[in-house]
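Look for chain A in each of the two complexes below; its partner is chain B in the first and chain C in the second.
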Partner chain A sequence: MIRLPQRETKSLLAIHGWSAVCLGLLLYVVIVTGVACVFADEIGDWASPLPEAPTARFPSGIDAPLRTFAESVDPSQRDAFFAFPRAGGRMYAQFHHDARDASGKMVEHDIAVDIDPATMQIENRREGDDDALAAADRTNAISNFFINLHVRLHVPEPWGLLLTGVLGLAMMVAAVSGFLIHRHLIRELFTLRRRRDLLSARDAHVVAGTWNLLFSFLLAFTGSFFSFASSFGVPVMAMVAFNGDQEKALETMVGNPPASDPRPATLANLDAMLADARTRTHSEIYYIGIEHWGRADARVSVTMLPPEGELLGTTYVYDGPSGGFQYEKPALGRVPSVGGALYGLMAPLHFGNFAGVLSKGVWFALGFAAAYVALSGMRLWTTRRAAEPGWRPLTRAVAGIGHGLPLALTAAAAACFIAQIADAELEPVMMRSFLAVLALALAACWMVRDAERVSRALLLLNGVLMLALPALRLLAGGPGWGAMFATGQFAVPAIDSALIIAGLTCLLAVWRATAAERGARQALRFEQVRG
Partner chain B sequence: MAGGAIWLPKGAAQINNLLLPVLLFPAIWAVLFFYASLALRLRRAYAVIGIICVLQLVLIGGHFMLR
Partner chain C sequence: MTLLLSLSATLPSVLALLWLAWRDPKRRRTAGLASGPAVRRLAVIVLLLPGAALIALGAWAELLIWAGLSSAAGWLFTQGLAVPGTAHRSAHHGR
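Take a look at the complex of A and B:
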């Protein structure tokens, strides 16, 4: 039991409520998209599976297509390279190069391709900055769209990251203040009065929030770290410790500073280095990074997935021209450190991917509960102020975004498949569909007096669209369940099934809510007749 | 946060002074936020947070001047 003086409790209640009122809707967008992003890899596999499942994350023979790709890139643009599998097991390979434009402003120029692990064919070459690459991505478009919305709300860098960083801080404030204002923490974990009024709505918010307190704090903390680290933290530390040289700051943190030797030198066989890395640990390769491909100072970093039962993986570093093993290092720094270990924990704790699908399922469920807490909190706040005209716009916005956002996300996924059928650009079509559906949902809540009825209509539409998604995937040329079971690619039937179950659940919820409303109306009429 | 790069020990990997302030930034901000929000005497809260900020600025300024 937490006992705070009345004044502090009042202050904390005000902080809890106002942090939600000011930033709650945007925070709800970040949480809901974060819930979807827990399964971003699986969504990529579901939306663009290959006919054959790859034999390994980095199949033998990957050296040849990567070398062909590197030879097609100007040597001056091969500063940094990385590759990892995604979207059905396709190898995503990218060169990154920073240069100054005519005005002296630093701009990035990236070149990316996908490599089919079965045929080793190079596909979908695209060039430009991060946004240009994402817009031209046809194999991972749905995941990219959700991730971009979650990470920076599709707002250009660094403002999007700063915004989501502030939202993370707001979530942390709501979690901490929510914890401190509980008078009876243990009792409130189990208090749920079965009445259809404000009190039981408050109970549901408190119960979900209480069970979710630690998780919300964890997500808020790690999320605001990820947002602020690159947009604010590293630039500030570079300013203080390295006279603003961010590259030098990053080199020091990674602990892999290359001794400059720009003489040309052929990179040794990558397959041999990957095979060597596999013999050193009992886990698979996570991704590879290469600095200065084609130069005498080239260095290959092979980062491994954490071994079973552990949270942190390791990195093996090889000399580029000779292919000889040089040293093993943690993710950051040359030797283990407190800072490096804490940094290593941030990703598994935020993404929930430390125990495969099981931990992802738990993170998905807890994230879903966090979204419910955010939405129910805003609904409680606006319901209590329903009589005050000044709060009506927020009441309608909460109703519109509450059910409109999930519908808009489903519509964006559906638009992706329709754009594939029409051979149109995917990202712009998804964005327009998302914004149009969200705007229509908000407009409907604004114009129709009964917001509850609009919410039900939005839920009904979402259910129907979810049921339609597997069919749209098939119409867009996606494979059927038989082929996927035969090749052991279970993401397709699993996500199709999840969509069908979620769609039917939406329809059932609408049917039950409509029946309950009809029952209440009949009971009222019966009372009037009796009276 | 920025002052941490100067006064925090670097550790064996020479990166703790750079990483820990960035890693702990959300927690540092939250502690200062709740302290300021719940302080009984607002002037004292202003003074405490102001002194912490000035100390960091002096450290950073001194670091640049001695370089």
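Take a look at the complex of A and C:
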């Protein structure tokens, strides 16, 4: 051990604690946005519903508009294509092309459109890299904003993914170390002392952490996997085994390397391939992917949703020019394997989308508990040290972000509707609103001595804003509940109702906390008078 | 079918959890309540049996939903049966 003077030891301890809490706050952002992202599809349906519900995820006749879109794209830019329904059932279709710029740097060029499933009209064409497409997206803006924050904290690739991967690892370490340090974990599984002191705060953190331990570990592990796989895993594997060729590494791993044949060839009818895929399994189509559209070596992959009671869907591969069925593809490689099965399980275990709203609801509850554990842990840690001057700013930062982040997310959603009314660009307005509200929350916690009072004010504002969101949605031209019930689009009334209940719960929590504080103050005054 | 099987498995586990939470000796001691006869082993078996049955059936989606709902219910019961501060103090004063 290195012997250090007491002053240096104290400084190092402060740096150690500060960095841990800062990392914890970022982890809290990732968890809270992850909770919202569980319902990303439903949020998209709620924010931008169509007047008519689509008859199927991939309605019959989708071949024609997809073909029209493909013909409008330069053949050299049709390397990869994928399509899936979102935001009210609009078909999102995108071509992806990687090329090197003048300096030799790899740049991506994507072209995306939305297709209305009722009219089969192509809308909202946009081009550019991933960020440019997200910025120009007006139908799925709220979901995109939350997903981008959850996946990479809006930090450019690969740094954002690396950061969230590290945060996932930190969450795993916290779960395992928490399990090891709390000796009476099982004995105190049901013991929660409700007082306004550190002991109850410790109980609340330990109880929530214990009940959520397994799922926290699961979500952290799968989340880290997703972050590291593309930002770190594939490049490193490509460097070691494929001489730096990432495309070759991916092709080998995915097990779908087509024999290159660049001769032009018309793609067979997609509707027929989709109809064939439906006859092979008892589920609907999840998404389709096409390599080399318009070439003789084109291949079409049709991935199905998991059938009832199962975790994984099947992928069927078709020959592009003939449309003939070729083979059923495992998640990894060409033959089923344990590794492939484990890889396939990562997505359902992380997203919780394997049994529709039921499993999503469970994942939402567990994610909420994980967010509570993260926040209560940081509050406990900083409150214990609040008397030390070096820790006071962190105590306030935890209070500010703890309640400021949910408020900032609600504000971003509200800003999206306001920007729609003003016909402004959505993504920049959402980002500015999010950052401004977060900064104001932090500033309030910094300036006002009573952090509890600021937390209550933030919760109150969040409640009011959540109650206002359904009204803002209507003002932005969104349909009413009657029209949505009539067309069987239940995401709109369901999320409106959830927001109203959540808003009222926030107001009730504030009212109860204020009443409890008033009661405690009166009791103290009574004791003083009696004494 | 998934909904039915998940909820059928979760119901006995949730009831067993409620019993375990209600009769938990440490919680009762902290609240100043008398501990009754311990039948925890039976309750733990009732709690875990549906999970074992789902594993035996290979119903993995239902197993995950059962585990998630049971965990969330355990947390909720502990919150709902929290020992109020006054009871805690009176338990200490009573000793």
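In this text, the second predicted complex is superposed on the first by the 510 of 531 C-alpha atoms of A that agree within 3 Å, B and C clash if a C-alpha of one lies under 4 Å from a C-alpha of the other, contacts with A are read in each partner's own complex, and residues count from 1 in each chain.
What we mean here is this: a residue touches a chain if its C-beta (ideal position, glycine included) is under 8 Å from a C-beta of that chain, and two chains touch if they have at least 3 such contacts.
The structure displayed is predicted, hence computed values, not measured ones.
> I'd like to know which partner A:334 touches here: chain B for first, chain C for second, both or neither.
A:334 contacts chain B only, not chain C.
> Pick one for A:449: touches chain B only (first), chain C only (second), both, or neither.
Neither partner.
> Which partner chains sit in contact with A:366 here, chain B, chain C, both or neither? Use first/second/both/neither.
second
> Quick check on the superposed pair: does A:354 touch chain B, chain C, both, or neither? Answer first, second, both or neither.
Second partner only, chain C.
> Between chain B (first) and chain C (second), which does A:282 come into contact with in this model arrangement: first, second, both, or neither?
After superposition on chain A, A:282 lies in contact with neither partner.
> Enumerate the residues of chain A that count as touching chain B in its complex and touching chain C in the other.
none
> In their complex, what parts of chain B are in touch with chain A?
Per the stated touch rule, the residues are 1-3, 5-6, 11-23, 25-27, 29-30, 33-34, 37-38, 60, 63.
> Where on chain C is chain A touching in the complex?
Listed in rising order, the residues are 1-3, 5-6, 20-21, 24, 26-27, 30, 59-62, 64-65, 67-69, 71-72, 74-75, 77-79, 81-85, 88.
> Across the complex, what residues on chain A touch chain C?
187-196, 200, 207-208, 211-212, 214-215, 306, 308-311, 349, 352, 354-355, 358-359, 362-363, 365-366, 369
> Residues of chain A touching chain B in their complex?
The touching residues are 8, 11-12, 15, 168-169, 172-173, 176-177, 220-221, 224-225, 228-229, 233-234, 236-237, 239-241, 249, 252-253, 255, 330, 332-340, 342-343, 346.
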